[in-house]
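Step one of this worksheet: look at the structure below.
Chain lettering (A, B and C) follows the sequence in which the chains are written, and residue indices restart at 1 in each chain.
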């Protein structure tokens, strides 16, 4: 394969700067010792990180987002597994329509989903409740969970299960000893991708969260709407650090490209 | 009474007939190959014996018992799959031990038999490896060991060598034949490779369009093909004067069918000729004995023994 | 077992029926309800909201702005992202994985945090970008980025760029590297190889990336809300206002349903076109 020339490398450098600049700026400003937005020049300070402790709504929103993500992703995976087995291993009438339906939350603008859920949950008396948030998040993260469980269901060689049967394994044993262990990595990464998407979701959640049930991104968004100060940069820096750590871990464990494209860089 | 018998076995997929009334009797300890082009019904037949495909009609009997009434998991057959189908999350030893575990064999006995079987296939030192750490040929042997360790009544081989390169395939053929002789398991091989089938089997079942065109020992099927399909599938043939003649049975003579050498290709141990004759193109194979042979463009006469 | 796949997908089907389809149908119905400052929502069937959305020039302008922004974001993402995907694809092993992580990673980082970064970079007159441009002598007076379409376009391009790189990258992966060598062996220069060999083959990737980016840009919320502020409204921020500030839910529902319908029409139409155009070559 031919190499990149100097122009390509300069372009690449500028591109990477473009991608990283806003993220790095947030992290730098978070360390300012001043009371207003500025870059730390001569002195770095953690005062704005300590300041987060004085705003319990950020802390509680963080824990809520964590629980919401974990719970809704786990439920989404539980719904995805049988659906993935159906779509991945059978040819039946309505299969394409069904797949399109399950993937539709990717295409429906989240504003529309937010509005629809706001109206629906208000009618049901679930408006502004954590249960409502969980239901809504299950739906929006299900396509991500389904995509990865589907990939592992399709990738599973049928004859491996046949081999186990021919060796005398019962249906339950095949499921427990062969099928589940083999699709498990797909399920875990499906859960992880769903979790990240739930943890980041703001557009839909902003409609259905009430003051007691705000998630972290919603709290950050509403805070920024009022004013931008160093406090929200330190909160953002924490979010960026946590996401980056999760990303690197996920990349090591599964391969980011396989997660996002469905295949890996080295053909693993 | 035959050890394994297929009686009028059929399989329809919608309007497509995959297997059409196949009848076959296999003796104990015999090595039988189902041979034919892709789509001839050989794999479907194997899957019906294994229990993964339900027949549309006919019966399968093992020692007189109705095998179709037995669940796939209880048939006690050893199967080697084309993709090997090794359990990727288990070591070689765990793969081989799986079937014994399902039979409830005690741990100590299990370890002993796994070790024995791995020795048999020449993988004694690989017990702790995972399948992906092994070459294709080694994975093949693990698959064989996993199928043999349960002492199956019948060993089913589904294109087991098709993923190996030519040289390794030849080596494995010899090894497979030796192992089968050693353990004496009745074996059914499915393959599209006529050389492989002829090298390994006691009898061939040449299949086409879901039917058996000929059942018999390889030598017999080659020398006395029952149908034109069998003749052409089991090697090159010439149709001269309305009779089929194998290319290696034709020699250059001073008189006989007159022709002219169109191409001559050297293939190491033999020469491959295409001769233009009044009867059309004739393929001739002559052993390379070091003697001078006719060149391209030369006029020749062809002779062969009447059959 | 013909019923097996239906039984397996039944739980998910019921879930989606109950909490996707019913709420969406309710939203469509809501857009036909009446609303008054003091009487609230009245469950009657009126075309008032739709009439207002289609005749009031305010809405026309707002939708026009939404799709203009989406168009420029898509264009920028394609023009900037496709070459980068190509460069990435030519990188050697450790760098390739590293930069892929750097470029695709932001996809999973909070949109709010990333937009905040742009707000800091733009930052009115004292923003970092303006300071840099002035000090380099490229401009004399600071450019307005905050609360402008330009600012929203730049920030949204950044937010959605990974989708474009991902789509082009996926197309490049399907490319046989020998084909480029074949073209070189036939005497093609590097530029010709790029234009005649590589570009036509990755075009489906660029177009499918463009469809995704356009759809997400047109329905983006957090970025236009933060960078565009209260004055520069797009469809989703307007719907938000109607719902949570003005409380005119039926009108907000009409705006949202129109956005959904327009997007579905554009996305489905464009996908069909792309598929038909490339079906013969890559079928």
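List of remarks:
The rule we apply is simple: a contact is a pair of C-beta atoms (placed from the backbone, for glycine too) under 8 Å apart; a residue touches a chain by one contact, two chains touch by 3 or more.
Chain-to-protein mapping (UniProt): A = ABC transporter permease; B = ABC transporter ATP-binding protein.
Because the structure is predicted, anything quoted here is derived from the model rather than measured.
Comparing per-chain C-alpha centres with the mean over every protein C-alpha atom, the closest match is chain A. If you tally contacting C-beta pairs for each pair of chains, A-C comes out on top. For this pair, subunit A (ABC transporter permease) with subunit C, the centres built from the Cα atoms lie 18 Å apart. For this pair, subunit B with subunit C, the centres built from the Cα atoms lie 57 Å apart. Our note on geometry: subunit A (ABC transporter permease) versus subunit B, Cα centroid distance of 51 Å, whole angstroms. Shared interface positions of subunit C, i.e. residues touching 2 or more other chains, are not present. By the touch rule above, subunit B contacts subunit A (ABC transporter permease) in their complex via residues 50-52, 72-79, 81-83, 85-89, 98-99, 102-103, 146-147, 150.
Those residues of subunit A (ABC transporter permease) that touch subunit C in the complex are listed here as 1-4, 8-9, 11-12, 15-16, 18-26, 29, 37, 79-80, 82-83, 85-87, 90, 92, 95, 98, 101-102, 104-105, 107-113, 115-120, 123, 135-136, 138-139, 142, 196-197, 199-200, 202-203, 206-207, 217, 220-221, 224-225, 228, 232-233, 236, 239-240, 243-244, 246-248, 251, 256-257, 260-261, 263, 265-266.
By the touch rule above, subunit A (ABC transporter permease) contacts subunit B in their complex via residues 157, 159-160, 162-170, 173, 177-178, 181-182. Those residues of subunit C that touch subunit A (ABC transporter permease) in the shared complex are 2, 4-6, 8-9, 11-13, 15-16, 19-20, 22-24, 26-27, 30, 80, 83-84, 87-88, 90-91, 93, 96-97, 99-121, 123, 128, 155, 158, 161, 166, 169-170, 173, 177, 180, 190, 215, 218-222, 225-226, 235-236, 239-240, 243-244, 249, 252-253, 256-257, 259-260, 263-264, 267.
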